[in-house]
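Below you'll find a set of structures to go through.
Here chain A shows up in two complexes: once beside chain B, once beside chain C.
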Partner chain A sequence: MSSSEATPVESPKPVEAPPKQSQPDAAPKLSGAEIKKQKAAEKAARRAQAAKEKQGGAPAPPLASPAPAQKGDGPKAQKSQQKRRGSMSTPKDIPIRSQKGIVVIPEEPKKEDKTVEFFRHLYKPRMKGLAGAGKDAHPAVLALGIQMSNYSICGSSARLVATLQAFKRVIESYTTPPGNTLTRHLTSHVLSPQIEYIASCRPISISMGNAIRWLKLEISKVDIDTPEADAKKALCEGIDVFIRERVTFADQVIANSAAEKIRDGDVILTYAKSSIVQHALVKAHEDGKKFGVIVVDSRPLHEGKHLAAALAGLGIEVKYCLTNGLSHNIQDATKVFLGAHAMMSNGRLFSRAGTALVAMEANDNDKPVLVLCETIKFTERVALDSIVHNEIAPPDELVITGGALEAWRDIPHLQLCNPMYDVTPAEYIQMIVTESGNVPPTSVPVLHRLGNESQG
Partner chain B sequence: MSPPQSGHAPNLSVFKKSLRAQSLESSIENLISLLKRRQIKNSRPCAIATAELLLRVVARFRWTDIGKLLARIQEVGQRLIQAQPREMVVGNIVRRVLGMIRDEAKEDRHEDMSDSASNMGSPHRRLERATLSGLRDQPPPTFSPLRLDSSKTTPPTINTDKDSDDVFGSSVGGSRPQSSHRPPMLTSHPSYAHLNGIPVQQSMFNLLSATPSPLSTPPGAVSPAGKTTFDAANLAYRVAASSKDLKAEVISGIEEIIDELDQVDDQIAAYAQEHIHSNEVILTHSSSVSVQKFLLKAAEKRKFTVIVAESYPNDHEATHAAVTGKLNGGLDGDDMSTEKFLKPLSSAGITVILMTDAAIFAIMSRVNKVILATHAVIANGGLIAAAGARIIAKAAKVHRTPVIVVSGVYKLSPEYPFEFESLIEYGDPGSIIGYHDGALVENLEVDNPVYDYVPPELVDLYITNLGAHAPSYLYRIVADHYKQEDINFHNPELLF
Partner chain C sequence: MDDNDTTSQSSYEGSTTPPPLAGHPPALTRMATVGNIPQGTKAPFDIVQTYHRLLREDPDLTMPVAAIEALIELLVQSRAVTVFETLDLVKTQSDYLKSRIPNSISLSAGTDLFQRYMISSLKPSSTGNFDSVRQHLLSNGRLFVSRAKAGRERIANYGRNFVRDGSVVLTHGGSRVVGALLSKAAEASASGGNVRFNVIYVMNDARSHESKSVVSALRAKGVPVAIIPEGAVGYAMGKVNLVIVGAEGVVENGGIISRLGTYQIALLAKAAGKPFYVAAESHKFVRLYPLGQYDLGIDQEVIKFETEDEEETSHNDVEAKFTDSTPRVLERMDYFGDVKPNSAVDAVDFTPPALVSALITESGVLTPSAVSEELISVWY
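Right after this comes the complex of A and B.
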């Protein structure tokens, strides 16, 4: 999708536009007030129903099946509706996900828990639009949140850069209220709600966490006596420097260093799309190297298609296959380049679901696996499997329009699971290419410490 | 080619119906074109179609001797295999039928021999029988077709019972008049030691051993040496009777194979409860009737969780349909009632989790068993399965998770290719990059394998309708089901 440079500094505006032409398609004639009335009526009916059931021991005959579940879920659902309605004058979601048409009528309460047991600790309700966003959220952040949740900004570094740029605008438009200092007020009262909102759109990535930690530290280091304008300017410049040093330059260094590893006649296999792998391949191509690329991809995001299109557009020989063709194509590859979401401190790679399969196959066929990763993505966290820490994307993303799965929620005991990441064991990784040099996976904690110490 | 089917997409059931109406040759052509167009695909429909067709071939073939019948079936089998070499079950079924015919013929002759060995006291009868067995291989062409025709119209009353194998009935049917004058067993007569130019061992050992030495010669090699005077009419009658009877046996043998194909999944499912226990997490891939029946059987007694990898982009629709219970007959390309009404696992109270193929490694650490369906099994213990099965098996190996393969014996192929790539079929790249992707269609090379080869070291257990076996044992089952001489019948250059 968007690479780390092509990030949406200016793009928020087009996304902000939709709320004005609020009612999308479902029932264009209803005004906000009418909807409110309709919802209230429905809610009242449901309450009456629940109350009736409580009184009479036996469930009401016609609506026997949905009623018991509703008893448990009902109040919660109502509450969230209430909250949503309270927040915005136009209580309409923006239709971001094509799979899920937005309906005016509130959804029936869920009949059963559709979350997968292994991942139940990871499920977080995802914000699907502007409705429900806190009124503190800055417009730039609102737009960013939407772009993140519909994957138009996707990828660890792109999200990091976009977040920092949005925060820069938050800081620019910030004025310290009287009786407060920037150092004490900005983080807790302005930045935190923004972070909260972004996290509610899509869980914060590890690199974003690192950057936010750094930004908070920077803010806390601002002298109380510094005039507000100067402090803001210093912070904004700090953010620029941070992006330049930790992402833009780091990317260049990594791309150069990885491109050096490519020789004429190589076939580089890569999985999904990583902006930094793309940089490295483009760099090698610009250096005049003749090599082929195999892009392995998977449902539901099909990110690799964008990479394949970009590379094929440059005239690189590209082969594209899905995970089902992995074991056939790995034999043709000479090197495997992988991008990272994060590097764990125990040397494991945390990356898009499917990366571990690619690394496993590469290892099995004795192909070297190189991970391209900026040190900003290093974390002190550890992971042994992909279940303890992961991100669960909405299961409806797996539904193919017109396919048999469309009504999956109505089928009892059927669950869809759509984890975003998996953890690749350290022994599958031969080398990590970072801006601080090429290191083995065992050196991740060392580099992480060095990076943090230099940061102060 | 295939006749216009009124409003039906040609599939297995349409083919079955057409079998009755069409002439044999057009049926063969019809099946060939159905296989080529992949309108009959997947193992079971192919197997059933092949068996049904061979049944027709045997029934309509005016055959005079075993050799010609074998040659005819080999010829038909060869054409079918050439039509779709990667549907290995077609070859398997042809080989099964060939082997069965050889067995029947051998049994027949064996009876003659054991007969003759035990009926030393009646030289005339013995001689006649021995000549007969030779004759059946190379009959005098002048009269036998005629006799056969007559035998078709008026079936001989000697032996109408299909189940009893013996034409002359002396070894089993002790009540028959011929065997009433059975002499003492141990008398040996030197003058009969060489009959038909073949030394006949006459010892106690020979009596006890199951296969007398003349039978170790492959059929067709026995040449009738002694054509002594005999009652020609009587002989012709017997030839007709025996071949008629053999025909019935062969047909019932093929019917048995068809029955086996119908029941195989239920037989496999009978082992389910031995292998699946409460609260297990089972990972399976793609959709398969065998696996689904297996899991449903286990679900009768136990509650467990099934994770289904969807096998995108070739089988995901079938997988989704199987998971949601909307099978509508599209799964195996036929609408056999049992498959049509197969209920989804989730309705049996099992939690079913559908995941993408990419998420397999992430979830594998929580999986207790992997159960794979197969397209074909190779004699070395490896298997051909839906693409993606190999990385699943490998991920399971990495996590030390046992991999169980559920497969009917009919999928077990005696072929052993030295280059496994030749078994892999490549599918439509349009299902990966469609024309809606615009320029990509022209700029990208797209790879869409339909099958994967899973090497035997990644499989822990095979469950077939005969029980559970280690992959290393499969060669024995192959040896039990196919005759050595049939293995390479379709490419004669490999016959040694």
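Right after this comes the complex of A and C.
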């Protein structure tokens, strides 16, 4: 079959190209795919040779060309069948193949790629400390970056507020260099390196992206003739107002309207920890509602522990379980409250990995799913799956020290996947509670447009 | 404000303003500050009576429009002299009216819309000459009412295109919009168009009078009507081409609140893959977002668990029956104990947007998700 086809091509080769002498021995036992590769390499080598010694290399091309032509003649299906049969029936192939691999590639075995193929485009080296930080990064931003990368500032809203406050410090300590204007200099030369540094610590969240876009717009709107001190003051005040309106006040409104949805006797199921869900539950408790809470949590962040502890501390009846207890506990729930990382324009919810599972279970059990989300987290982007856009956290977070996975990097063919977010289909969501009212998922683009119009 | 508070405390006697109540809803306590209900020579104005009278006088009137008309009449008779007073009065009276009607969903669509309209037209800038503002408000309010009535005709014109030749339409309830729509479709066939269609009417025994009038009106127009009991909907669905129903209210997510039994028809239609259309005027859009059947904000006595001995006592003492039955969802009940919850006859259910193919309104045929956009554009 294919290997026998190859031999006539191979045999005259040693005469012409002595350096490849070792190959004819291995060649007859190679599988078709290997031979193809090998031939391509040989062809390239021969062409290179031909280029060098113009006369001697002349007979090589006519010899190389018949081989692919012969191959192409046979019916493809038959060939592939033969190939498969060949590799399965003769187990000798396998050891020889690996032997050959060592022979052809003289370098030592490559270190196995420990990234998961589907998510490979998302892997980014994460900055862990100050080392490598650019000299442009402001101290407040440096601190923030470290806090973000070790999750001591975690959660979309908290990160947004912290970022804006750090930028406020940056703006406060900024002086326009002579011969420049604030409008033209600040964004490109001062703000951009900060944003870059923060993004290198942990990818920028959607809400942070929205806020940064707003801040850049504000800076660009500053009149060139405005004295620097006034402009800085105006920008800092603008940031304060932005935080107050889009986060603080929005949170209050959402907490109120979500608390209104809680009735006596309800059992609210929530996943992981969302500050806004916590606000809403605390508000309902303060209003004197009698209800229970089930906190579903998951590894590796165990964010729900904090929520469960905080609520139990207030005297709310709390049940805590991990996702493996979800399908049992969902039956006791009457409503599901979820936080959001972002709301996509196709009505899908982008939130902590595991949220989609909770929403699906809730939908299967006919429990209404409410998403509590500020409009600052709305984005014009759409998400069809959680692969194209996501954040991959360091896989070592999944490893329990002393556990079986501790030496996972040394185990061949084992990869750990630790995505941060997933996408929940819009059909699973009954209502989105925002500061501008309760809307169905289909209205996300409308509210996003309204929010931007008022911003612009 | 303080002054107002003290005067109002003493003026409840003669007025129909509800007294401020401890606890919630706080809105009532806060808003019940103006006791300037017209207390003219005749009997004091009662918005609830006016509302009922309007509904009685004009059988074609829908509940939201009746509520708006009642509020306009209130404005005509009121002696409020400032914008704030007027808004306060309308708010108080709306809440009062809502609290007195067992099923206030449809009605609240009208009062909310009117208040919204007032707030937008009574801008602080226009406070200069209050009388002209008030006149403007009244005339526009009337215009609104007449437009709302004309809406039904436009819906019928949009909706008739859905009724194709040879199709079978399933409907139920006594919706006037659906009646107008179907008779419009029938008229087309009388005037030379060849739209011949059959109607399957789902009969509700508790409301047989209403049902009979709808059926006879259609039959008079030459439309063959079959009457089936509610239990036969699933059986009949195979013969049906489309379902058209009316609605008491269209809620924010595009679902509808309608006569009890609509939800099951919608479910059956979905299961059979038949389109389910809702004919409703856009003034029936309510600012309400129910999460399910028991989240409608009203109290309904549809499911009652009883045993033999309980039944006896409840027959003896009607009051006891109301207090002993399922726990009340609504705070309002604590304040106005004499309002009876919806019995099974008047009860409504909620049809989620996923079951609705389209809503036929006077501003066009909308998908359920377009309703929320429409509401957002009205309210923000």
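Definition applied: the second predicted complex is superposed on the first by the 346 of 456 C-alpha atoms of A that agree within 3 Å, B and C clash if a C-alpha of one lies under 4 Å from a C-alpha of the other, contacts with A are read in each partner's own complex, and residues count from 1 in each chain.
In this section, a residue touches a chain if its C-beta (ideal position, glycine included) is under 8 Å from a C-beta of that chain, and two chains touch if they have at least 3 such contacts.
None of the values given here were measured: they were computed from a predicted structure.
Partners chain B and chain C, brought together by superposition on chain A, fit side by side with no clash.
In the superposition on chain A, contact of A:A362 is made with neither chain B nor chain C. In the superposition on chain A, contact is made by A:S436 with chain C only, not with chain B.
In the superposition on chain A, A:C154 makes contact with neither chain B nor chain C.
Contacts of A:K261 after superposition: chain C is touched, whereas chain B is not reached. Once the two complexes are laid over each other on the shared chain, residue contacts for A:R299 go to chain B alone; chain C is not touched. Of the two partner chains placed around the shared chain by superposition, chain B is the only one that A:L398 touches, whereas chain C remains out of contact. Of the two partners chain B and chain C, it is B that touches the larger number of chain A residues. Judged by the touch definition given at the top, the superposed model places A:K335 against chain C, while chain B stays out of reach. Touch criterion not met for A:V444: it reaches neither chain B nor chain C. Closest approach of chain B to chain C, taken over C-alpha atoms in the A-based superposition, is 18 Å. In the superposition on chain A, none of the residues of chain A is touched both by chain B in one structure and by chain C in the other. Those residues of chain C that touch chain A in the shared complex are 252-254, 289, 291-292, 295, 327, 329, 353-354, 368-369, 372-373, 376, 379-380.
Against chain C, the residues of chain A that register as touching in their complex are 261, 263-264, 335, 368, 370, 427, 430-431, 436-440, 442-443, 446-447, 450.
Interface residues of chain B, counted against chain A in their complex, comprise 305, 307, 310-314, 316-317, 320-321, 323-326, 344, 346-347, 349-363, 365-366, 386-388, 390-391, 394-395, 398, 424, 432-433, 437, 439-440, 443-449, 452.
Taken together, the chain A residues at the contact with chain B in this complex read 116-118, 298-300, 305, 308-309, 312-313, 317-329, 352-354, 356-357, 360-361, 364, 385-387, 390, 398, 400, 403-405, 407-408, 411-419, 421-425.
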